[in-house]
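Note that the chains take the letters A, B, C and D in the order they are written out, and that residue 1 is the start of every chain.
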Amino acid sequence: MSEAEACSHESCANPSERKSHHSDKAKSNLITRLNRIEGQIRGVKGLIEKDTYCDDVLNQISSIQSALNGVSKQLLEHHMKSCVIERIHDGDEDVITELLTTINKLMK
Amino acid sequence: MSEAEACSHESCANPSERKSHHSDKAKSNLITRLNRIEGQIRGVKGLIEKDTYCDDVLNQISSIQSALNGVSKQLLEHHMKSCVIERIHDGDEDVITELLTTINKLMK
Amino acid sequence: MSEAEACSHESCANPSERKSHHSDKAKSNLITRLNRIEGQIRGVKGLIEKDTYCDDVLNQISSIQSALNGVSKQLLEHHMKSCVIERIHDGDEDVITELLTTINKLMK
Amino acid sequence: MSEAEACSHESCANPSERKSHHSDKAKSNLITRLNRIEGQIRGVKGLIEKDTYCDDVLNQISSIQSALNGVSKQLLEHHMKSCVIERIHDGDEDVITELLTTINKLMK
């Protein structure tokens, strides 16, 4: 089953409650990444409690930001390869305006 | 006690184990922000479990990134107003090279 | 004529030489913005020649970067509302992979 | 003559008209980079006039943004290694507040 098929008409295309279906593998990969990021956030709290040198803490935060960017990129790719394509095929071009708003936030 | 004094000679200036001392108020403010960010990360995991529409998840992640940037800015300000000033007064200009490397990572 | 129609089959969909057609108004708006940016770049050269205080020059460059981001956003919007939609309707989903690569560069 | 010495007391430290003095080599390097960027901007105007495919234009703009970031980094390094150090030695810690504001703009 391709990524595009993963997003069934019942999911993306229902304006009252849109859904994005990830494959089990993609979902477990995302959860693993987010668990690691959650651990890194807890780590930064520990560093601050222990008065760790700020420069080291800032470097830790910069690596959390890279990890979050990785999650964004994976979600964006999934979104564009499933719901965006599907909604455009359905003639629903509002998905492009919505996507532009989101990309602008991520590009800031 | 000013921010600059908060960073005693015993802390920033010891190359074998530099420390950054935050006031109790600053520390509790940072921990509060990081607790909120940790909750937001857990929230995003829940959204993915429930197949939430990707665009909504991406917007959540973009607001986590803003929150993390806020923490970076607070730490950077503290660092520059304490250790950076102190180490420059001590004639230790390596702090500038170190700071430039960190800022370049944060600017990416 | 809508933005989507502006991008005719003869233009976006020809893999050997794709074209993006902007309306006269959009084109003149883009050229005006780019002329202003070109003037700002020349201005920065003058500032450096005159030994202007670096902080002021850095603020000028930051405003050029905002202006360039504005041009990127306008082009990205046009691209997504014309070629991206058209190529998806043609079943050519490579446009999504290409777009993701470009967005990742702009998000860095 | 070190970078730090390049910024004489007559230049950075005069609040009514601060100056940043670059060595001839640094100045010519900055001007060369800015001339190249100016040429790239003119190139982008040409691409738009010729209806070049938007994705290609966006990639050109992304490389201009990297080049501008390079100029910012060089200026920031010079600024921090000269005026910032000098003004801190003079006990003028406002330079840190000014620098934080500028870095925040560049980090956006």
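In this section, a residue touches a chain if its C-beta (ideal position, glycine included) is under 8 Å from a C-beta of that chain, and two chains touch if they have at least 3 such contacts.
Model, not experiment: these values are computed from the prediction.
Visitor: Of the other chains, whose C-alpha centre is the longest way from the centre of chain B?
Guide: Checked the centroid distances; the maximum from chain B is C.
Visitor: Measure off the straight-line distance from the CA centroid of chain C to the CA centroid of chain D, and report it in whole Å.
Guide: Chain centroid spacing, chain C to chain D, equals 23 Å.
Visitor: Could you put a whole-Å number on the gap between the CA centroids of chain B and chain C?
Guide: 33
Visitor: Indicate the residues of chain B shared as contacts by at least two other chains.
Guide: 69, 76, 99, 106, 108
Visitor: Once you've mapped the touching chain pairs, tell me: line, ring, star, complete or other?
Guide: Basically the chains close up into a ring.
Visitor: Which residues, counting only chain B, touch chain A once they are in their complex?
Guide: Per the stated touch rule, the residues are 11-12, 18-22, 27, 30-31, 34-35, 37-38, 41-42, 44-45, 48-49, 51-55, 57-59, 61-62, 64-65, 68-69, 71-72, 75-76, 78-79, 82-83, 98-99, 102, 105-106, 108.
Visitor: Per the contact definition, I'd like the list of chain C residues that touch chain A in the complex.
Guide: 4, 69, 73, 76-77, 80-81, 84-85, 88-89, 93, 96, 99-100, 103-104, 106-107
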